[in-house]
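First chain written, first letter: the chains are A, B, C and D, and each begins at residue 1.
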Amino acid sequence: MDKIIIEYDEEPDLNEPILIEGLPGVGNVGKLAAEHIIEELKAKKFASIYSKHFPPQVLIDGGGIASLVSNELYYHKFGSPGKSDIIFLVGDYQGMTPEGQYDLSNFMIELLIKNGGKLIFTLGGWGIGRIVKEPRVLGAATSPELVEEMKSLGVEFSKDEPGNGIVGASGLLLGLGAIRSMNGVCLMGETSGYFADPNSAMAVVGILAKILDVEINVSNLEEKSKELEMVTSKLDDLAEATSDIQKDDLGYIG
Amino acid sequence: MDKIIIEYDEEPDLNEPILIEGLPGVGNVGKLAAEHIIEELKAKKFASIYSKHFPPQVLIDGGGIASLVSNELYYHKFGSPGKSDIIFLVGDYQGMTPEGQYDLSNFMIELLIKNGGKLIFTLGGWGIGRIVKEPRVLGAATSPELVEEMKSLGVEFSKDEPGNGIVGASGLLLGLGAIRSMNGVCLMGETSGYFADPNSAMAVVGILAKILDVEINVSNLEEKSKELEMVTSKLDDLAEATSDIQKDDLGYIG
Amino acid sequence: MDKIIIEYDEEPDLNEPILIEGLPGVGNVGKLAAEHIIEELKAKKFASIYSKHFPPQVLIDGGGIASLVSNELYYHKFGSPGKSDIIFLVGDYQGMTPEGQYDLSNFMIELLIKNGGKLIFTLGGWGIGRIVKEPRVLGAATSPELVEEMKSLGVEFSKDEPGNGIVGASGLLLGLGAIRSMNGVCLMGETSGYFADPNSAMAVVGILAKILDVEINVSNLEEKSKELEMVTSKLDDLAEATSDIQKDDLGYIG
Amino acid sequence: MDKIIIEYDEEPDLNEPILIEGLPGVGNVGKLAAEHIIEELKAKKFASIYSKHFPPQVLIDGGGIASLVSNELYYHKFGSPGKSDIIFLVGDYQGMTPEGQYDLSNFMIELLIKNGGKLIFTLGGWGIGRIVKEPRVLGAATSPELVEEMKSLGVEFSKDEPGNGIVGASGLLLGLGAIRSMNGVCLMGETSGYFADPNSAMAVVGILAKILDVEINVSNLEEKSKELEMVTSKLDDLAEATSDIQKDDLGYIG
């Protein structure tokens, strides 16, 4: 069996597409942000990616229908000759091994090259171990010019963050892209790292909307954010009741 | 060495065969169910599957004969032009790695396509953490039509079960089959998950007999079920004597 | 890099050679036995096997010379047209993964086929958790005829031993050989499993000498056996001093 | 994706180059030593090696620029027909699996053969579990002639050190080189094994300068060494304060 299988629903004709990746990771910030933009732009699913680097598993939906775990590709066409279209890479899984990570990211780079794309945005979270009300969006990029451009749009570049670099698809897509002459930026929303964080995802979406020069409604994510506050309050109660979670860490919540 | 080797005893000419998988898993429900049907239908072994995805091991039978660990294929011919024949996949092992799982399931899908098959039943257990006297049979399927058909035959589809999907061959055969345009159903007998459960297997066999429209005697499995009760009584005694097994879990037995 | 590399010192012309495997395992019984026979028959090294399935390591000899970890092949020619020559497979390592085990064993089967061989003896230990003064030699074989022949030469076949089959090269060479129409026997000396056991190796050598119809001096191994007794006495002292080793297990020594 | 990708900045024409490897390892002695010589000789980077055997990660530099983890190759040309040039292999990573180690080392051997090289020096640390003020440099080599030559230059060869051989690139390059008829020497500076050890690296550089017959300033490393002393003093304080580190081990410092 091939290591990676792609199944196309359609093969759209895209204008120098930008790749936006939002796979699971710290605080699921990237995934939440990408899924929100897909929803707001009404981006259209065009392909599923299956791989033996994903878990050997099917998921069952509410109707009892089983489907193989996958990543999904969506596209959005702006229909303007001067404006790049978008390919979104989302899903519930990243490759389970280092080799799997390399294979899957390389597959995406090849697909982007084939579609004439030259620019990649990867979205993620930057775990800081405590809750932040107003998360910054930190960046890393493949060229000094991109760093400057991102700074001018509100992305912060910090010498010490992230100290150990970026692990997984958000990092590899930039790294493998760069050796294929692609430009790339990773946008990381500050997050506690303790739970899914729509508030941080909102910050990332805000920046990305400016970069892409599109209007994106963030009210949905705000609702999710409110749900999150309820969840964290419950977590807080739980922590008090049971706890080997340290008081100081969660005491700050709500 | 090839990752998978198949050794044919014979290559039967089968009529649009249905694949029935019963490999080891939760409560060994699928394995017990499939082996019972093989026995009752006097299905005939026609091939052995060896793989470097299985343990590097030989088994020794009572007569001192060593044989490489394998999966086995059986067939049953109904000899009626309108009725699908059956291929059974059974054995003592599943692939030991995610990649192995994908390779082995994909191998079976290819084999089924080569034999003109279009439908797959995978059998398994659904562990619920407590003993049930009258296990339900839960289902998952690859199309809404199959879900409805299964419901009409007594299979239950529950929104929350199994919440995390189906891991291993029972899941992958459906998932990989679906992307090759095959229909599939997974039948899961409720089981505690603490030991091999012929009682749950019996429930699965009962449903499958209705689906396949065949008569299958369940008395053998009933005997095994009685043996099981003796085993669990002993386990219960053991638990009382030693125990870091929680009382509540096993106190319900017998 | 190829998964397995063989480097020939010479390529001997052998008469329907028998393969004798003695790689590390329980009590190092197989390794000690094979090395002893090599020494006694003055068998000649003819090839080294290197593999990425072995550890990424060189060994340093007393003179400071580094050499890549390997398995080694030796041969012994009887120079009699009616008598099979011998190929020995020995070394300090087995494949580190299941796939590595399969690849390496398959490589040996191919090599044996290329040399016209049809029969395999694998040597190992059968760990029983206590010291035995007069270890039995247990067997497993690939055909009922071989079982009977081995019984007549003093090998014991026991229904319950080894219950879980034989793991590693000693098992796989039989299993993979059998599906290539090769005959094979595994000889397992009873051993505690706690340390290298030349006494058990001696028992295996004794049986193998009868099977091969050769004279093999066992005095060297007896010396090693005496050294072992000293080691185990020391172990015993150690156990008394420190101990979370259970008294009952080692109290029997000496 | 290929397992290993090399990206050349330039392809220098080298005179029978010697390979010097200094990748991370015990006390980072080899890495520190190789990097120091590169700095002192003003060796020039000519290639980057990327591999799916490295972590799936990018590193971020102080300016926010992301780059894929890699090994790097440097060269130094002496510009003298009778004198071998040098290729340096350095970086922050070794292969993460045994197979990765074999692939990467084999890749370097092939590259060296292609460039006409015949001799390899691998640099490492030999951890002895205590601090040494005047570390010896221990050696291993691929021929008795090289052992003698190294001894005459101050390298020590000790029967018991290193007892278990040499694991990783420092070992494999010698081992895989030897089966391709390359000569090789591993130089190991004695080190505690508790932290990066520029003092030990200095000892290795001293020996290597004699072997290569070049002048190499060690003052930089001496500065690093002084920094190290401050670090270890702090570690010592820390050990006193917290400690499940045994007093005896670190009490010797400062």
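Simple rule for what comes next: a residue touches a chain if its C-beta (ideal position, glycine included) is under 8 Å from a C-beta of that chain, and two chains touch if they have at least 3 such contacts.
Keep in mind the model is a prediction, meaning the values are calculated, not measured.
Enquirer: Expressed in ° and rounded to a multiple of 5, what is the rotation angle of the C-alpha superposition of subunit C on subunit D?
Expert: In degrees, rounded to 5: 90.
Enquirer: Whole-Å distance, subunit C centre to subunit D centre, using C-alpha means?
Expert: Centre-to-centre distance between subunit C and subunit D: 38 Å.
Enquirer: Please tell me the distance, in whole Å, between the geometric centres of subunit A and subunit B computed from their C-alpha atoms.
Expert: 38
Enquirer: Just curious, how far off is subunit C from subunit A if you go by their C-alpha centres, in Å?
Expert: Subunit A and subunit C have C-alpha centres separated by 54 Å.
Enquirer: Spell out, as numbers or ranges, the residues of subunit C touching 2 or more other chains.
Expert: None at all.
Enquirer: Testing understanding: with touching defined as stated, what is the shape of the graph linking the protein chains, line, ring, star, complete or other?
Expert: ring
Enquirer: Which residues of subunit D touch subunit A in their complex?
Expert: Interface residues on the subunit D side: 1, 5, 7, 48, 50, 52-60, 62-69, 96.
Enquirer: Per the contact definition, I'd like the list of subunit C residues that touch subunit B in the complex.
Expert: Those in contact with subunit B are residues 95, 98-99, 101-103, 105-107, 139-144, 147, 157, 159, 162, 164-168, 171-172, 174-176, 178-179, 184, 186.
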